[in-house]
Each structure stands twice: as C-alpha cells, then as structure tokens.
Amino acid sequence: MAQASVATPDVAVIDGGGPGISASCARLFALSGMKVAVAARTPDKPVLEKLEKEHGVRRYGCDASDPADVAQLFQTIVRDLGTPRLVVHNIDGRVPNIFRKTIIEAEPEMAFATIRNAAFSAFLVGQQAARLMRDNAPNAQGARGTIIFTNASAALKGFPASGAFAMACHAKAGLAESMARELMPQGIHVAQVPIDAAIGFTQEDGTRAHRRAGTTVDDNMADPDHIAETYLQLHRQHRSTWAFEVVLRPWVEKW
Amino acid sequence: MAQASVATPDVAVIDGGGPGISASCARLFALSGMKVAVAARTPDKPVLEKLEKEHGVRRYGCDASDPADVAQLFQTIVRDLGTPRLVVHNIDGRVPNIFRKTIIEAEPEMAFATIRNAAFSAFLVGQQAARLMRDNAPNAQGARGTIIFTNASAALKGFPASGAFAMACHAKAGLAESMARELMPQGIHVAQVPIDAAIGFTQEDGTRAHRRAGTTVDDNMADPDHIAETYLQLHRQHRSTWAFEVVLRPWVEKW
Amino acid sequence: MAQASVATPDVAVIDGGGPGISASCARLFALSGMKVAVAARTPDKPVLEKLEKEHGVRRYGCDASDPADVAQLFQTIVRDLGTPRLVVHNIDGRVPNIFRKTIIEAEPEMAFATIRNAAFSAFLVGQQAARLMRDNAPNAQGARGTIIFTNASAALKGFPASGAFAMACHAKAGLAESMARELMPQGIHVAQVPIDAAIGFTQEDGTRAHRRAGTTVDDNMADPDHIAETYLQLHRQHRSTWAFEVVLRPWVEKW
Amino acid sequence: MAQASVATPDVAVIDGGGPGISASCARLFALSGMKVAVAARTPDKPVLEKLEKEHGVRRYGCDASDPADVAQLFQTIVRDLGTPRLVVHNIDGRVPNIFRKTIIEAEPEMAFATIRNAAFSAFLVGQQAARLMRDNAPNAQGARGTIIFTNASAALKGFPASGAFAMACHAKAGLAESMARELMPQGIHVAQVPIDAAIGFTQEDGTRAHRRAGTTVDDNMADPDHIAETYLQLHRQHRSTWAFEVVLRPWVEKW
C-alpha cells in the first residue's frame, strides 16, 4: 500500500469555532503534530486567538451555509496549509429563538435557518472535504482522509418541542450515513459522533466545566477534551475496522 | 369522552397531487365519506381533474415550501370544507437532477431545493395541521385528528450517491417523530409511513402498474391503493393503540 | 393468482391463553369467521372456557417451549380444523421472580427459563407455522399465511434491571426479523407487534380495564381489543404492501 | 475522585479462546501491562499455549454456559490474579450445523444450543463481572471496570436463513444494553462491539489473514489486532464520554 510520507504532518480543518469541542479538537490535533485550521463565522473570538497564539492554529472566517464561502475556504486552506486529511464539522446551528419551541410556536424562518446552518453546512463542508481527499494517497492505515460530523441526541430521537432541531440533526445523520456508504470504499473514513449530553467547556478562569450547575455528581457533562480523544482515535483507526457511528454520553446520563 | 357528531364527514387534506399515493388516498377517502382536498403545485393535472369529476375531490394550487402559501391554503380549506381531521403530506420533493448524484456531483442548489421541497414543506404542512386540529373535539376513537407523513426508504438508511435525498427524508422522519411525541398526548395522531419500494401508479389505460418493468413477479411494486388502506386504518386507529411508524414493502423486496 | 376458495374459513392458532391479547384475538377472529384454536399451558382457565362456549374457540394444552409438544399441537390442529393461515405467538414468558431484578440479583435459572419460555417457544411455534403454511395456496391478497409475534418494549430497548427479559424480547425480535426476510418472498407474511405499554384486560365484571390504577386519564393502557384489530388488518394486508413491524402505544405513553 | 494505585496492573479476563479477537486482545492487553486470563472450553490449544509462553497469559478451562463453572472461574481468577477491571465476552456460540439453516431446517436442539452458548454465557459472564467490579475503587478515568461484549452483524439485523443466530445475537445485544443502562451510573462501563465482517486471524505461518480468499482488495476482513485496539480504547475511555456501541467494519464492506 502506498503511504504518505512520515515527514508530512496531517492538515486538519475544524468547522465551527466554539470553546467546547472545536477548541479541544484544535488543541489536541495541534499537540499531535497536525497543522490545524479553524473556520468560524466570527474568527476573532478570544478562544480562537488563544489557540493561534499557543498552538499555531490558523483562523478563517466562513459562513459554512454559503456554498461559495465554503468553496473559497477550502481553496485557501489548501494553499496555506495543504490538502486536508481530517475535517470535522462541528456546527450546532440552532438559532437562539428556536429552543424548546413547540411545532405551533416555531417560526418557519427560524426552523429553516436551523436546517440551513446545521445540515446544509454539513453538506457543503462534506462535499469539499470529499472532493479534496479522494486525491490523497492512502496513509499507513489505508485512509485517504477522515470526515467527522459532530451531532446531537436529536439525531437519534425526535424529542417533543424540538421539531426544527430534530429535522436538522436527522438530516445531518442521513447525510453522514450516505457519505459513509459512498466514500468508505473509496478510502475516506466518514464518521458521526452524536453527543448525548450537555457538553462542558473551558470557563473564563481556565478550568473546564464538567458538572451541571446545581448537581453534585462529577463528570455529568461530556468533557470536550475527551470527545476530542475519540475524534483522534477515529482518525487513526485502520481501514480494516472503521467505525461509522460512536455515541458518547456521560456515565450518569439517562437514555 | 366528547364525540364529534356522526353526521359530520371528516375533512381530509392531501398535500401532493401525483397519480400514485395521493390519487389513491383521495379516491379511498372520498369513497369512505370524507370531504377531500388535494393541494398541488399544478392542480390542473388530468389525474386531479378526474378525481374532482368522479369523486368530488377539491383541487388547490399551493407551493408547499412557501410559508405564506401553506397558511393561505389551510385557511381556504377551512372556509370551503371545514377544519381538517386528516392531513397527509405526500411530497417526495426531489428535483430531477439530484437523482443518483454522488456527494461530489450533487449541486448545492439542487440539494438545498430537495430539502426545502421535501422536508421544509412537511414542517409547514404539519404546523398548520397541528394548529387547526388541537381545537377539534375528540372523535369516537379519542382523536382530534391524524397527520400522516409519507416517507421513503431513504428515511431509514442513508444510501450511497443519495446524500441530498437522505438528508431530506431523514429530516422529515425527525420532524414526524418529534411531532408524534409532542402531539399524541394532546390527542393528535402523528404517523410516518416509509414506503420501502418502487410505488405503482394508475397507467393511462386505467389499469394499475404493480410490477416492475422487465420482471415476471407479481406485486413487486407497492400498490398505492393498498397504501391508502393503511392510511385509512391509521386514521381510524383508537388512541389506546396508536402506531407511529409503519414501513410498507412488497413481499419480494430485499431489505 | 390461484386463490383459496371463498367458502373455506381461515384457521387461526393463538399460542398463549391469557385474558388480554389472546382472548381479544380469539374473539375477533371467531367473529370474523375464522376457526380459532387457542393453545395454553393451562387450557381449562375460565377465560378460555368462556371463549369456547360463546365463540366456538377450541382449546389445546401445550408447553410451547417443548419441541415435541409444539409439533404435536400443530398436527392435532391440522387434523381437527385444517392447516392454519394465521398463527399468533403471544407468550410473555417471564417467570414471576425475574421482574425488576438487577443483573446481580437475577438468578441464572430464572433468566434461562425466561428466554426458553418467551423466545425459544417463538422459534418452535414459528417453525411449525412456516412448515405448514408454505403448502397453502396464495389467497386473494397473495398470502400463504400470516405469522404474528407479540412483543414488548423490551424488544426495542434494553431497560435497566431487566436483563433477562431484554434478552428474551430481543431474541424474539431477531427471530421475527430473520423469518420475515426469509419467508415473505415465499408468500408468508411475518410481523412483529411490540406493545409499548401496560395492556388492559377483561375484568371479572366483564368490563375492560383501560386505565392504570390511580390515574384519571382515559385509555392510558393498550386495549387488547384494539390490538386485535391491528392483527386482523395485518392478516388481511395485501402482499404488495406488507408491514413487518408495528409498535402500538397509548396516546399518553412516554417513549 | 479516589483512584486505584498506579502500581497495580489491571486484571483482564477474556472469555473465548480463539485465534482471532481473543488472541489479539490477550496479546495487546498483556503488552499494555495487564495481567491477562483467557478462559476457553479447551484451554490447551496451541494458540493459547503460545500466549502463555510469550506473554504470560493465564489459561483456564470453563464452559461459559454453565452457571457453576462460570462462578468458579471468576473465583479462581480473583485468587490467582486479583479482581478483574476488564472482562471481554468473545464467544460466538454457533454449533456447526446451525449455519445457513432456514427456519424449516434448523433443528430445535441446535437452535437452543446456540442461544445457550452465545447469549446465556454472556449473561453468566456479565453477572460475575458486575458482581466483582462494583467493589473496585474508581480508577483515574472514574471507572470501576469495563465489560465488553463482542457481537456480530446478526445483532443489528435478522438475516434470512439465520434465525437461531439472530436470536442469540439479538439476545446478547439486549443484555448488553440493559446492563449498560443499569451499570454505567454505578461506574461500570458496558460496551458492545458488533463486528460487521468476516474476521481475520493469525495463520499457521504466523502472518495475519486480512483478505478474503479469492479477492484482490486489501483489508476486506476485520483485522483482530485492530479490533483489540478499539477494546483497549474503550477500557481507557473517560466516564464523561462513554461509548456503548461501536460497530466495526472494513472499508469495503456493504451495509
């Protein structure tokens, strides 16, 4: 099997730039020797500036639901860093006023924006990733690249008063599964990771939140540093045993 | 339990106006004594004119992916026929050039149009149906109304070279499940019927196609007249035993 | 398509003889013109005697987890009534002291008995039904016969402190799905109906329980008379649109 | 959080002693510093003798479908090596003449033996593991122990002519899910790993088979060494992000 040169670090692209999974992935991927790009609607957030300063992470502005913007983003990254071997779509996409809205209350415009932000962006990012990765040589694990979609428990179950988000998450799950069946036999590992929990994040004092407010049980939120470990393991998984879906949940979560 | 008067026929609305499931539903519902409205982008198709002439089915023009159009449609139907007790969303929504496109080939605009046509229209139709039905009195089966979403096998499985349709069908499935969990305890029966097969239709000579071209096995396509029977059974199901999902497939279908 | 003579009533066999689904099925099938046999470990229960007296239902003693007993049962029914066209396996199988036992507490012997009673009996009954039905001529719906497995929500989800029952119900579900894929293309309709609820039953005063003790909401238990209606609809379903799985739950059930 | 002493190596128990997953797990766990026990019906196989010689793996004879035998096995291991922190159930359990048998052909005795060997043994092993692990102190990842059930694609789908194996694999899946919901909140990580593929193994010449006979595509069988890596990752996963199910399949596998 032809192998990528050991000397070339992998290029990783993370779409979505929050202080949770995206920041943890950027940090871990950089510490693992990858060249890391993070794309966000607002790339000048303190959390991203910190990642740039401490870990050399590159920041890019991008509206991931705009086809031209996404195409431009990947061209720029290829030019700046090289062709990606790992692309993570980590955009939740809910507009603020869609939360906990019943099917009666949810405004159609807000429902549409949620689908566009969360699911159509996954299509656009996934398409660019697939287009570029199929020209990569297989690496030591036999992979031309890895595409990971973060998802939510709403991908697994349609909860009440959550129709618009259920649509977006289910759409993203359907896309991921279709891409997995299509691209895996071409050597591209496609995975979906639904997080069935509230997700912790790095707080302003630098410590990580890992406990829901008002509770006394440790680790009852999903720690994004540990989520990032799973993403790295998926990226390094040998093609003879690829996982498509890994649902992560804290030990005490009801499901 | 308060009951609707026996003398009042149920009002049924079918969104989507093709010669398959929509026509079979319209015919069966009319023969069962309901007042039937069919809404389609092109309401002056021969198949709908025939239904009007032979069964008194009312035809309405509507772009089901337009919020204002859908709101207007339901207002008009309430005025013309009364408040619906049965609403069927039967729109496939694929734009022609999205068929069998790989993730590389599928044009973003076409993918977006498929999601909008198939899934966002389901949100709009479902929302109007829910809004109206919650004011219905429970009928003899304890139901204020029934909302049925036709779906495809792409709702159950993301097939390769079918990413856009997988997104749309999964989104519709997520919506249906969310609405079921939300509305059933309010007395509205929400169901999803994925048809895991090619669907037969009424041919120009008036006979029904029920066999795939080039095969010799009988009934290897789903007969829409029999699909319509399941829809009627779902509408008449007592609320002590509501089914949410019924997958229909011909006896010889591989799955 | 060759059809069974209209004059010949269908022979229906119900395995399991309780006052809930089995009694409701026996009554409905008899009222629909079928010749009905009910097999139970204890066939001289009052509920079965009543069915015999009022509806001509035949009673048979059978340990459904014993291969020889089940083979003998079907031979006897063929001789007495004719070859079955509808077989319902409606055995829960839990031994009393397995309820709500944690994995630590559950006694291995009780866990094993639960699997044997609930799942192995389904294999034995399903095998005899399949063996006999494949020689039936297709009826007007194209079917040689219908085999229905009642199941529980434990077939859909492994609940805590319920390992043994989860094993039994999952095993039955796996069997049903395998048989469906194998037998449907041979003209035998195989279906599984998980009831996601407590099930009502006929009380001693002749009225049906349809409300959980201590609640004020109507129809919050699954009414077995309505479950039986679904079984009859499945039996009459045309082979161009066969349903394999129908989950039934009351309108107010959480899931 | 109280932590296990760094100095104490984890005790791992593998039930099932074949040259595939069991051998790969034993080797990897030993190389990772664990004390490893392998239990098999026939513990004096060359593959196990080699593991003992090269990696210090302890061999135990055990009929895993016999309650007393399994209880005795775990008592002996606790005495010999200490309380287990990682238990893998890796028993397929099919009796030879159950392969590809239709529901008509499968002998009841063989079907019963398959369920007993594959699923009841999982109950027995899982019960002993749970009983012992709840007394462990949480380790650095917050876990008292890890229980992993290997499973097959028959756990995910009931294939035709495979009813008995579908029953056994579904039963094991139901058990695993029930145990996960019950034991995770007690600090015990329960996981199920269905392998959706033929599994490679170490051949007599010491090389690993990773390609199906007669094919030219590399890595079209699941390599057990890579499966073992996933098991080790699951064992080391932090309790804030536990995965319950990981399906592994080769890149070219159809699903």
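In this document, chain identifiers A, B, C and D correspond to the written order of the chains, with residue numbering beginning at 1 in each.
Rule of thumb we're sticking to: a residue touches a chain if its C-beta (ideal position, glycine included) is under 8 Å from a C-beta of that chain, and two chains touch if they have at least 3 such contacts.
Since the model is a prediction, treat every value here as computed from it, not as a measurement.
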Quiz item: Shared touching chains for subunit C and subunit D?
Solution: none
Quiz item: Is the contact between subunit A and subunit B built from the same residue numbers on each copy (over half shared) or from different ones (under half shared)?
Solution: same
Quiz item: If you take the mean of the Cα atoms for each chain, which one ends up farthest from subunit C?
Solution: A
Quiz item: Using mean CA coordinates as chain centres, what's the subunit B-subunit D distance in Å?
Solution: 46
Practice problem: Could you tell me the distance, in whole angstrom, between the mean C-alpha positions of subunit A and subunit B? | Solution: 34
Quiz prompt | subunit A-subunit D separation of Cα centroids, rounded to whole Å | solution = 31
Quiz item: So which stretches of subunit D touch two or more other chains?
Solution: 181
Exercise. Could you classify the connectivity of these chains, where an edge means two chains touch, as line, ring, star, complete or other?
Key: ring
Quiz item: Can you name every chain pair that touches?
Solution: A-B, A-D, B-C, C-D
Quiz prompt | Complex contact set, residues of subunit D against subunit C | solution = 67, 102-104, 106, 108-109, 111-112, 115-116, 119-120, 123-124, 126-127, 130-131, 134, 154-155, 157-164, 166-183
Quiz item: Which residues of subunit C touch subunit B in their complex?
Solution: 1, 142, 181, 184-185, 187, 189, 195, 200, 210, 218-223, 226-227, 229-230, 233, 237-252, 255
